[in-house]
Structures are given as C-alpha cells and as structure tokens.
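The two complexes that follow have chain A in common; it is paired with chain B in the first and with chain C in the second.
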Partner chain A sequence: MNINKTVNATELTVALEGRLDTATAPALEAELNQSLAGITKLVLDFSALEYLSSAGLRVLLSAQKAMNKQGEMIVKNVNETISEIFEVTGFCDVLTIE
Partner chain B sequence: MNKKKQNISAAFRRWLLVLVVIAFLATTAFLWVSQTKISQNNAVSLLKLNISDVREDIIDASDENLLKLTHQIADDLNNAPAITSDLLKELTAKYDVTEINHINADGIIVASTYPDFLNYDMRSGEQSAEFAVLLSGETEYIQSYQPVSYDASIYRKYGGVTLEGGGFVQVGYGAQRFQKDIDEFVVGVTRNRHVGEGGSIIIVDENWNIVSDRYGNEGKNLDVTGLWIDTAETAENQAFVAEVYGKTCYCMHQVTEGYRIVAVMPRSEAALSRNVSVGVTTIMQIIVFAALFILIFVLVKKLVVDNIYKVNDSLSSITQGNLDTVVDVRSHTEFDALSDDINSTVNTLKKYISEAEARIDAELAFAKAIQHSALPSVFPPYPNRKDFDISATMHTAKEVGGDFYDFYFVDDDTLAFLVADVSGKGIPAAMFMMTSKALLKSYAESGMSVEEVFTVANEKLCEGNDAGMFVTAWMGLLNTKTGLITFANAGHNPPLVKHADSSFTYLKSKPGFVLAGMEGIRYRKNEYQLNKGDVIYLYTDGVTEATNENNELYGESRLLDVLCANAGCDTQTICDAVKADVDLFVGEAPQFDDITMLCLRFNGEDDK
Partner chain C sequence: MIKISHLRKEYPNATPLKDVNVEINRGDVISIIGPSGTGKSTLIRCINKLETPTSGEIWVDGNCITSKKCDINKVRQKMGMVFQSFNLFNHMNVIENIMAAPMDLLGKSKQQAYDDGMQLLRTVGLADKAFNYPDELSGGQKQRIAIARTLAMNPEIILFDEPTSALDPTMVGEVQAVIKELANKGLTMMIVTHEMRFAKEIANRVFYMDEGGIYEDGTPEQIFENPQKEKTARFIKRIKVFENLITSKDFDFIGFNTSLEEFGRRCGISQKAIYRMQSVFEELCVQIILPELSKDFALNVTAEYSQEDDSIAVQIKYSGKAFNPMDSDNILSLKLAQNAAQSIEYAPCNEEGFTNMLVVKIK
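And then the complex of A and B:
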C-alpha cells in the first residue's frame, strides 16, 4: 500500500493506494499518529483504495476519534465495494463520507 | 557518519599503489644518483686511458727517433780514428742535435760539445746517473724529456749507446728538435682517435699551440677550442669540466715529452650511458612493480575480500531467516575460526528459538483449548428438541481467533444465537472475543431484549478499550414456539435465510455501529418470522473472503450455490458442506481469516 500525504496549513490530505488490511494497517496508523498534531481537517482519499479489512476499519475509527477532539475527518472518493463495507458495519453513520 | 565508507579492496589498492609509487621513486632516485657517479667515474677512466695510450705512443716515437740518431752517431764515432770534442761538434751539426758527450768506462765525460761538461762524473747527478746502466751490460738507454742534472731549468731528452772502444756516447736534444721529427706521427696517432663517441684528444706544445686536433686547428693557439687550462688550478691527470668547442666536457690533461695531451669528452655523452641505464632499469622496475602490485592485489582480493563476501552472503541468508545456512569458508585458519564461530552462534540461536517456539506453541495450544471449550461444542446440543436444529463451526486462521459463535436458552422458549467477529486476529482478538462473549451472554441471560443487550454491552466494551478493538455481531432471539426472531445487528454482514421454495435471501436490516467502536450508540430491534422448515445461516466474512492461490475471493454466489444444493439437509451437514466447498476452492493457499458459521433450522411445534 502507498500512503501519499499532502499538508495545506492545518489540512492534511492522505491518499491511500492498494489494500488496507492486517499487513498494511499498522503503517497507516503510525503515519497518522505522527502527522495529526495541529491538524483541524483530515481528508482521506480512497479513490485508489482496492480493499479494506476490519484492521483498516479499526485505524479509521481511531483516526475519527482523534479528529473528533481537534476538528473533522472526511472520507472521500469511496468505491462501491468499500462503501458496502461501511454500510454493513455501520461505519457510514460514524464517518463523514463525501 | 557522512564519510563515505570504502571497501577493503579499494583501500588496499590505494595504499598499495602509494607504497609502490614511493618505492619506485626512491629506487629510481637512488639509481639516478649512483649511475651519475658511475658515469662520471667511467668518463674519468676513459680520459685517463686515452691519455695514457697517446702518451705511450708519443714516448715510443720520440724514443725511437733519438735512438736512431744515437746509433748513427755511435757508428760514426766507432769509425773515427779518435773521439775528440771537435768531432763531436761536427756530428752535432751533421745530425742537428743539441749536445753529444763521450763517456769513458769509468763514467767520466771525456769529450763533449760543451767544454764545461768535461771531467763530469755521470754518477754525480740523479738524471745522469741513470746512464750508468750502459757501463754494466746494457747497450742502449733512452731517457724521457726531463730537466737535466746540472741545470734544472733546462729540459732535454737524452739517449745513450755503448761504443766499441769502451764507454758510451750520450746524445741530447730539446723538444723542438725531436718534435720536428715526430709531429707528423703525433698528428697521426691523435687526429682520428675518439674518446668515447664524441670526445677527442688535443695536443699542444709548450707554447699552447695546437699540434694535433680533430678539427684541423693545428698551429693555432688552444684558445680557438674555447678551452683555457690554468695549470695552477688544475693538476695533471685530474678531471675538470670546461667548455670545449661549445660543448660542456669532462677534460683532463697531462704533459709528456714536451707535449700537453688534453683529452675531452662531452658531458652529455657520459650522461647518455647513465640515462640509458636509468631508463632501462626504470622500465624494468615499472614491469616488476606492476606485476607485484597486481599479484598482491589479486591475492588479497582472492584470499581475503572474496572470502569475506562469501561469509557475508551466508550471513545475509541467515539474517533473512534461513537459520539452516552454514558458513563454510575453509580456505585459511582465520576463516575456519570465523566460520565455526558464526555457525555455533547460529546453532545456539536456533536452540533458543526452538525452545521459545516450543513454549509459545504449548501456550497457544492451551489458549486454543480454552477458547474452543468456551464455545458450545457438542452437536446436536439439544438432542431432545425436535422443534429446531442448530449447528455451528469455527476454524481459526491462527491457533486462536477473534471470531465466535454462541447459543443458549435465555428462558424456556427463547433461544439466543449469535455470530461475532473481532477486528484483527490472534491473541489480542482472542482476548477481546472472550470478554465480548461473556458480556453478551450475561446481559442476554438477565432477560434484556436483544437491542438492550447490544446497547449495554457496547458501553461496557468501550470502557478501557485503549487498543481501539471493536467487534461486529449479529444476535437473534428465537421464540421456539412461534418462530419469530427478534434480532439486532452491530455492523455484521447479514445472514441468509431459506424460504419454502429452497431459495436463500439476505435478511437485510439497517445495521447499527460495531460494538466497542463508540460510546452512546443505541441499537435497533428488528423482527423476522421464520416459517416451519426455514433455515437461517449466519457467517463471518472469513467465508466469503476466503482466497485461493489465484487471489480470487470465494464470494457470495458460491456460498449461495452450496447452500441451495444442501437446503434440505440437517444443519450439521449444511455447515460441513460449506466448509468442504470453501476448502476445495482455497486449495493450497493459506487461510487468512477465521471461518465461522452458524446454521439454525426452525421445525415448529408440530414436530415436538
């Protein structure tokens, strides 16, 4: 999985590419842990994300919890498969999906 | 840290090169100095040799000249009736010599062209005493050109020949007299003589006029050659450097028979031999040093560097996890020791790892036993109940897993059943699974409705969930009399239900959020009426996301196919059939996720 970060003042955009699963989720978690300080808007771009497992959902959830305290988090460009996962797991009610 | 590291062979090559260059320069410099000295000595020897040759020739020629005259005079005297001073004067004029003396058998001058010499005892002067040999057996004697005994300022050459009447005649003349006779000869012996290649002999007379010279300057003063010999400064037979005919030369001079022999040799010619010698040796040295350099470099590379790379290759194989790799570089004792040390280190490491593995394996096996014993595992669980039939299986990807199923009666007519999936796998998921399972069961058994169970359990699970774990769950309460299911869904994939026509459809409902994900979630209750013979099949995504060797997912359509094919069977058979179909599809590919399913058939009261 590739993680591409773009910082614009207090807005951080993270574009994910590939599979976000048990193997790759720790990398994203570590990346977010060290990048979220001072960020008021976190945008996750899923346009190139192919697969999302429960381990990936866990990272999204902890990011959402962190951003609840300091601003907002937006998930955008979600494809149909992943959108279905969000539906089934109820994540669509918790995340802000555009 | 920023300094770029060199490899050993490059460092070695550099230092070896520096050393070789220094050695080369040192030996070349030494050779240059020693060869310069040798070439000078050679030049001096050559000059001496030539001077000595020419000197011998000149002495031979002048000796021969005087001896011939002396014999002629002795013949005249032998034929004369008496030897008188007047006769001697006549002969002096006849042969153009300077003086003639007649010495008797006692060594006393009895007749002379110089009246002063009469009655002079030959033995009384050092130079004249040499002629005494003629009184003791010798018949002729020649003396070199030198100062005479009675007056050291007069130079003269004397010859003596014994007379028939006893005693001997002594004839003497000055240099100018005999030089007149032998100049031509002198020119002959010196003009074509070469000292080395470009050097030559110059002969001058007592007045520094050239007698013989390679360039035909006879009769002219020595000045024309550019050479100026200061006899006070430069002794005879001692080399000195001067300009001769425009060239810097090594020069040497010596006086003999009134001539001054000067040998000259261009310094460049002397240097030539040195240059050739140094040049040839330098080329040889370059070849030898280059060979040495290549030999040492290749040896070091072959013996040390290559072996280090071999050891490194084995080591990198070991660090990549292949602990069975053996380092086997046995070319030298040092590498022997290194190989043995590495191998014994790896062996010790392997021993510790296998011990640790055995311990972890034992603990995991124990944990697996605990986890499985926490789930209902005896089927059929209610052999006396004919109104429903339930079966469930769980196959973990690792020893322990995060999936679980459960079922139990919460009151006489209500069977609770659920399937859940904890995020992640392995020990963390298993621990969270045990907590979740226990919480759900205790709240369900307290008589809460299904949505209340989820709402309360969610609050409890959120407490102290620092690791951010969560669990998806689908839980239903079946009224075994009516077939009505009340259920709640916490982010789990919907179950499949079989209808009277043997078709399966998803039991869709709006799912609530996952359990333990976020506090304050309220879950909704849903209802579904099972008819007699209906089957409900719950599963985790480990079933549909099982992956084969081509990275294809098992998928929902395959699941529906196998369910439809076995729709009429008992629940145990359905679960086994699905698992068998998944295994067939997956083949040799490794299992990534836990595979869990629960199947419930409602038969209704009539069959009781």
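And then the complex of A and C:
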C-alpha cells in the first residue's frame, strides 16, 4: 500500500493506494500517529484503495476518535467494494463519507 | 483376458504405478483417464512390455508376460499399440506401412497382405491414399493409417496411448470415429485419453487413475455422473484447487494473498470474488482463529473452484481445542467474513493433525 500525504496549513490529506489489511494497517496507524498533531481536518482519499479489512477499519476508527477531539475527519472517493464494507459493519454511521 | 496383480513401476525420480490390481475381460473397451503423471500411459506400456515393470505380474490370455520365459513377441502379435505420434515408417508409402508386419511376422504373401491392407484402408476411409507417403498426409490421416496398420496384425487387444492428443482439433473427430467403429466390432481396447466426452461415449468401463493406481474403476455412468470417490469427483467436475498449510504465526501473509489471487485469476473468477476469498481468509483465519491457537499448530486452507457451477468453497482445518469462530467476540471480523460468504459451517474434524473444520461457500 502507498500512503501519500499532503498538508495544507491544518488540513491533512492522506491518499491510500492498494490494500489496507493486516499487513499494511500498522504502517497507516504509525503514519497517522505522527502526523495528526495540530491538524483540524483529516481527509482520507480512497480513490485508489482496492481492499479493506477489519485491521484497516480499526485504524480508521481510532483516527476518527482522535479527530473527534481536535476537528473533523472525512473519507472521500469510496468505491463500491469499500462502500459495501462500511455498510455491513455500520462504519457508514460512524464515519463522514463524502 | 488380461490380469494384472501388484504391478509396480518405479523410475529413479517417480513411482507412477505403486500397486495396480485389475482384470480386463474380453471385449472390454476401457477409457483410462486422470491427471497428468498418474501412470496412465505407463500402465498400457507395461501391458505390452514397452516398459519393464519393477515388480508384479501381468497375464495376457494365460501367458505371464512378466515372466522371463515368456516370448513377448508372440504376445505382442495379439496386441496392437497406437501411439500419440503415429510412428509410421516415413520411407514407405501407406500400403507398404500396412503390409510390412503381416508379411514379416504372419507370413502373409505380398498379394494377400496387399488385398487385406486395401480392405483395412477402406475401413478407415483412406483407400485413395494407399500410394502416398506419410509426409503427404494430415495428422488425422496418419493416425487412421497407424490404426489400419495395427489392425493388419489381427490383434485381439489394441492399446491406444492418447491417440488424438497430437492432432489439430479439426482432426480429432475422424480418428475418434474410426476407434468407435472398432469398439463396436468386439475388440478389447484400452484407451488413454484426455477427451472426456469420447472416454464416456466409447467405453463400457472407465479407469480413473490417481495415487499410483486405478483409483476408481466403474461404468462411464458411475465415473462421469456419480463418482464414488472424492478425487474422481474433483477431476470430473474440473475443480481447481488451491491449498496452503500454515504452521507459524509469522507466516507470509502477503505471499499467501498473492497466491490466492493468482489462483483466482487462473480460474478466471472476478476480482470481487478474489477479494471475498481473501476477506474470508483474513477475517476468519488471521483475525479470529490464529490468535486462539497455541504455539505448535497447523492451519490448512483449501479453496476449490468448480467450473461446473462457477462456485468457490473454502475449507479451513485447524488444530487445537474445539473452537467455533462463529462464537468469537470479534464482531467486526465476523461481519466482514459473513459479508463475503454465502454460508459458513463449522464441524469437528477427525483428520490427522486437525480437530476443527470450517466450510465457507463464497458469495
């Protein structure tokens, strides 16, 4: 999985490419942990995300919790496969999906 | 007519036949099918001693051909063989190819051999090619000539070693038609073939070969419509299988997923179905089952794709105490696995090394 970060003042955009699963979720978690200080808007761009597992969902959940305290988190460009996963797990009610 | 007992054939690096025991009756037409490398050709090559068996006995019409005293040439006169690659004499024309053996071995006169040969060429529909050379013929025609040449020796048994596999698809039919004609004449025949429809239509008996022997022996109806044994059923339904054994929690997760994806591509299934297989594996095995297993464990994942109904079934077997993943409190992983599956069934497992089994049908 590739993680591409763009920072614009206090807005951080993280674009994910490939698979967010058991093997790659720890890298995203580490990346977010060191990048969220001072950020008020986190945008996760999923346009190139192909596969998402529970390991990835857990990272998204903890990012959401962190951003609830300091601003907002938006998930955008979600494809059909990922959207189905958000629906069956109830994540569509927790995340802000654009 | 042919009795085989405890036939074994070993090569330095393989043992295609471990213990073959079978009786073949006069007039039997037997199709021999099975995966590559299961000894189909080796079996018929042992029957006319083109291969020398490592051990065991083969009796043909009361003669033990595996005995040193046996005059194999005399036995071979009763037994014709048709090869994949025709094996015609290229320096002889068609009728000379057919006349040679009856003159040399049966003592027929030239005229008699010629007359009989022409009659045989009419049987295989190639009388007008009598004076052509093999190089001037198509593959299908060459094979029909090779069959006519075999018939010229009045064999009681004909062994066919993949008679149509070197042919263009357009020529397979003409050769099969000739072989079917022979089957109707009461000759005893054994045919190694990969053409399943032909194998089913022509035979009164089918040998499915696997695991070093005749794994299942039955009528075409039994073998093709109601196989009694697992491997036969798998072969007949053209099920493609992926299998991977995990014995360490530090196994190669990425490598596993990559080979599962390659398996899916080989089967021609959709990307969505590949993701679903991967999701079932990741959520059930990696997230739920593996954390429950102690240090020394075995977890075996088998995925089967059936072309017949375009379905995928994943079987997960694992060691350790009885544990049904559906009772797990990892709700998130369970939801994802259930989303990818049509059904998930748990049962205890009695196979060596495994105590639990899950069968998951992928959506």
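Just so it is clear, the second predicted complex is superposed on the first by the 98 of 98 C-alpha atoms of A that agree within 3 Å, B and C clash if a C-alpha of one lies under 4 Å from a C-alpha of the other, contacts with A are read in each partner's own complex, and residues count from 1 in each chain.
Just so we're on the same page, a residue touches a chain if its C-beta (ideal position, glycine included) is under 8 Å from a C-beta of that chain, and two chains touch if they have at least 3 such contacts.
Note that the structure is a prediction, hence the values are computed from the model and not measured.
Trainee: For the overlay on chain A, clash or fit between chain B and chain C?
Mentor: Superposition check on chain A flags a clash between chain B and chain C.
Trainee: Does chain B (first) or chain C (second) touch A:22, or do both, or does neither?
Mentor: both
Trainee: Considering only the touch criterion stated at the top, classify A:5 as touching first (chain B), second (chain C), both, or neither.
Mentor: It touches nothing on chain B or chain C.
Trainee: For A:89, using the defined touch cut-off, is the partner it touches chain B, chain C, both, or neither? Pick first, second, both or neither.
Mentor: Both partners, chain B and chain C.
Trainee: In the superposed arrangement, which partner chain does A:62 touch: chain B (first), chain C (second), both, or neither?
Mentor: Touch partner of A:62: chain B, not chain C.
Trainee: Touch test for A:81: chain B only (first), chain C only (second), both, or neither?
Mentor: After superposition on chain A, A:81 lies in contact with chain C alone.
Trainee: Chain B clashes with which stretch of chain C: 110-118, 218-226 or 290-298?
Mentor: 290-298
Trainee: Report, in rising order, the residues of chain A that make contact with chain B in one complex and with chain C in the other.
Mentor: Residues common to the chain A contacts of chain C and of chain B are 22, 54-55, 57-58, 88-89, listed in rising order.
Trainee: For chain C, which residues are in contact with chain A within the complex?
Mentor: 253-254, 257, 272, 275, 278-279, 282-283, 286-287, 330, 332-333, 335-336, 338-339
Trainee: Inside the complex, what are the residues of chain B that reach chain A?
Mentor: Those in contact with chain A are residues 421, 423-425, 468-470, 472, 490-494, 511-514, 517-518, 541, 592.
Trainee: Under the definition above, what is the set of chain A residues touching chain B in their complex?
Mentor: Per the stated touch rule, the residues are 22, 54-55, 57-58, 61-62, 65, 87-91, 93-94.
Trainee: Okay, in this complex, where on chain A does chain C touch?
Mentor: So the residues of chain A in touch with chain C come to 19, 21-23, 50-51, 53-55, 57-58, 81, 84-85, 88-89.
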